[in-house]
């Protein structure tokens, strides 16, 4: 039995709040149950040095957790003077996923940086971050279009991400913290609107997993992501 | 004329939202107009090395700004690998102010760390942080008392902080960002409930200021802080 | 056509040279074609702080590239003062994979650190590193057994890793550098001797990939890993 | 009773030794009793990036303590790899204070950096540093004028700084170390020659302080600063 | 008696393997007995900032030890976030020595960086590194000449280095690790082909050393270096 | 001709001022002409971790230059966040030299740290530092004896250091900055009172140097060091 009697394939309640803060070109608070991540997309009229003169744009992401977003307080990365390997791994994943959703040539010489800061953590922060970041990215792109800096929308399709895993021998979708800690296998899937995959990261925490388990997890992920993309679209359909 | 025709001595709208996040022993979102700071107080059953065996507790604070809490995006301190001088100055001020409000002997061998993270900035983030941190601190202390770890409340009295300044030749209270950028003199005052001062920091940004101006600013600060402390107490009077 | 007319499912020439250096308890030079990684396993009679008193051992890994292991010289990480996100991601992956191969309770209170240093790079350094590290780990464990510090072999089964990908619309196994740079999809698979998976990391570099492509890549990976494990076992069958 | 029977309003012996070292454009050893700070002003014919093309100059300061300037040895900041929060706070204060004394437009595109290094500490190092730095700054400006790089003196007026505080219930001026450690309230005041204030920083170390105490401390500070400015002027009146 | 009954003036077996790795313009594995150092010379068509426009080239070196090149594992410098004082001292020595062998004006605006990475350590790693680096440097220079980027060979003469020392009261040449640990005096000598010296660094580890001992050590060094230079030349005489 | 018509073998004026600052157990300002280094010896009643329980003491040193001790301002190492390779090399040399002068067993479990801070630089700062540090060390040892913490003087004999070099084809003693910049060969010699050597570091800055030149430089160094040791003894003979 899952917490709150959730069904194996059920998502936690999903919420995307746009315009959550005032300054960012795109600002979204994404909630997957008790996991809350603030995704702020910032537009800059320049590109990193390695892209100068290549006539294309860039999308990048940074990730952080507020020190007390977690059950017990974690040290502040700014105070310790470096980002952990986990943080760097996650922000590289978010950036890579968002870039797969965008035609960088069509974006032109702009950089969009999406800051994903975890306000409250209850499992699945990286997948919530990717899902929220895509909405913030769309708002930032619309800001560019409204301000006549861009004519065509370079976002090819929405993307979203979900965590799935094997907990107590059962495949489940959208793990919360207590499930995540107990999972034998943990898989994060980033998928596009058309059902194709952008990233699959499956890890055996305890026992290795079989080909059949992998297929079952991918099936659950597909179902979850369809729900997330539907929620993203509903949020984006509201007037800003 | 001030923005929104605010009177010289008027505060922006004040809000203290307790229990803003789920895990911290005290969690308060403080809003001074469009300035929003999340203050999370974390309790730890130990003291720093320099206080071991001295039979007293410790209060400390950390401060950070989300990269896009500001008008244009600031570099993330965790990514740059160090906290700026400004950040360190502010978190030292917050910690020092909170310690002045607490009887550290009566606190016993606990450390309370208050993380003040700016979600949205519009001037006065450090004074909002101090004012919100004091409410979060009270909640964390009550948590200790409810959990029978502490018998007597070691908080001696509430403290709060306000920024005042001389803008266009006029002394004003609770500066927002556009006023702060234009101020000739900028002063932050931390005051206790009994009207006595804990910290006064006045800086001439342009011309030096006179004794008379100093007195006028102190008067404005006193009025503002009385309103803040009233709002703190109202918030704390609600059942948790 | 692949370089050297290699077949889609063919591996490059594989070599595991044991006892490559003199001091490490396990020392293996692994070669996947022109990719050469030195894997040194070091035994320490203690465990990290977070495992103290838990009656189990620990396996960890570090990864590095010699500055001129690559086509053009890369900055030395020690001189720049930090490990890149890529380096940290890879060494976390190696450590996690090796831990999945070992019964940490049966290992007892020893830490084995496997240093994987790339001497020459031509694609697939992380998968070569995992495959070589497992052989070095076995040698280090045998050293513990020969020295009567361990009675039972805690290695549950061999593990190995391979990179597969879609290059020019074709799924191929064991990518070398020129293929890797041109791949649309890139997947690293870590698998155990019994055919079950320990880690699957698939990334769309250009277009997203379909479920069918994923299955095809997994099939290629399985074939490649069987060959690697056979080569590992042959190498380990020789007297030291 | 104060050490050496000093009167409440009395300064320690003051000394400004110009041309203390050979290379700096302005070099002053300032002594407030046993507190000795070497202030070296260096002229550079350029401005920081953020001022490029703005047709003005810049004044900045750095502060450090020799490891054994203090009663017990402090760790060397260069060896620890970072400047403490206290150091950064002090050097920001010195720079800000000096800039308030200078017409940066009239300075032209020069940067003057004043290094304040504490040779021996006995309380009040930051206020001694500001007072000495202003003399070194004047010498550096005269050097620019003698070398025909500047026609008009951009120094608007002298500035100086003093620490005052409440020790054993008594307000006193120019605290030495034993008094500083025992102070209930500690205040640093930076004032210009015309009696107006540039910076006021008052901190309650123990009990909060009242409005009356604040006024009394400001009065003591004014008296002390007048003496310092007189001593600065006497020193500057000597031929170089 | 020395290990393996080596005579006082005898070198360990010497080997220089050119083209050890594939990408570097010069790549040499140097072996002094069980000490093995990989020296990779990389050519870059630019010079450091401080040489821009001065019409000359630059030679520099970096040094590192693989964590388990030594008897017990050393922490990885990249992970600790800084190079030790010893590492920096050695790489400065290697760079300085190589620059003394080259006419930098004749080199033109190229930078050659020689990375010296210790694969296995058994005493004398810095002197082996210098001796191997000079061979790698020659290969890199020949690469420049073959590629018509340079007409004249700027290498003035070969250089080599040896460690000598006083062990158990006896002067010996080319110390291995067990001797090095027991030495009273330790001296590293860098010498050119013409018998003149580039660097002499003698250190009393225990008792000071006399003028006579110094002379005796210099004599041993001269003999050893002649053998090394002969071995370098033999290696360079082979077709690449 | 040397500056000021100094003879080849002549030292600049030498001065050792004891008790230069108030807090250190030994405090010496050493002057070699215009080179001025403050050497403060600090006693601590403990030893570094690697010596715990070994029943011996430790001597160590740190070195720094005030930013404007030099002709043009150098960046502050504390601000840049690390000590340069040159700084580390020098402080390792100073520490090693002082340890050679002391019977560490006889010192007992004390650590003496000598901070050498360059107030004004005109060539030879490291050799002045060693020479001054030895006097400060003696004063710190006497402090230990006066305070009954030590019965026997563990200083075996005085040590001193000098720079010698070949300038314009001529061997000279005690180089000042203009000579140092022009030297072909630069040698630092650390010698004990009995004429034996502790450290010899000779470097060819331009052309390699011959055996004869080396001998000539050693002769000059010996003469210079005898004068320095005489001056040290005179200074130490004065009552404190």
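So that you can tell them apart, the chains are marked A, B, C, D, E and F in the order they are listed, and the count of residues begins at 1 in each.
Methods note: a contact is a pair of C-beta atoms (placed from the backbone, for glycine too) under 8 Å apart; a residue touches a chain by one contact, two chains touch by 3 or more.
Heads up on the chains, UniProt names are A, B, C, D, E, F = Ribonuclease PH.
These numbers were taken from a predicted model, which means no experiment stands behind them.
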Spelling it out: a chain qualifies if it touches subunit A (Ribonuclease PH) and also touches subunit D (Ribonuclease PH); which chains qualify?
B
In contact with subunit E (Ribonuclease PH) as well as subunit F (Ribonuclease PH), sorted by label, we have none
Need the most distant chain from subunit D (Ribonuclease PH), centre defined as the mean of C-alpha atoms.
C
List the centre-to-centre spacing of subunit B (Ribonuclease PH) and subunit C (Ribonuclease PH) in whole Å, with centres computed as mean CA coordinates.
51
Interchain centroid distance [CA atoms averaged], subunit A (Ribonuclease PH)/subunit C (Ribonuclease PH), Å
28
Please work out the Cα centroid separation of subunit C (Ribonuclease PH) and subunit D (Ribonuclease PH), and write it as a whole number of Å.
59
Could you tell me which residues belong to subunit D (Ribonuclease PH) and also touch two or more other chains?
81-82
Just walk me round the ring: subunit C (Ribonuclease PH), then subunit E (Ribonuclease PH), then whatever comes after, in order.
C, E, F, D, B, A
In the complex, subunit A (Ribonuclease PH) touches subunit B (Ribonuclease PH) at residues 21-24, 27, 34, 36, 38, 40, 42, 44, 62, 64, 66-73, 76-79, 81-83, 87, 113, 115, 117, 119-120, 122
What does subunit E (Ribonuclease PH) use to touch subunit F (Ribonuclease PH) in their complex?
82, 85-86, 88-89, 91-92, 96, 100, 187, 191-192, 194-204, 207-211, 214, 218
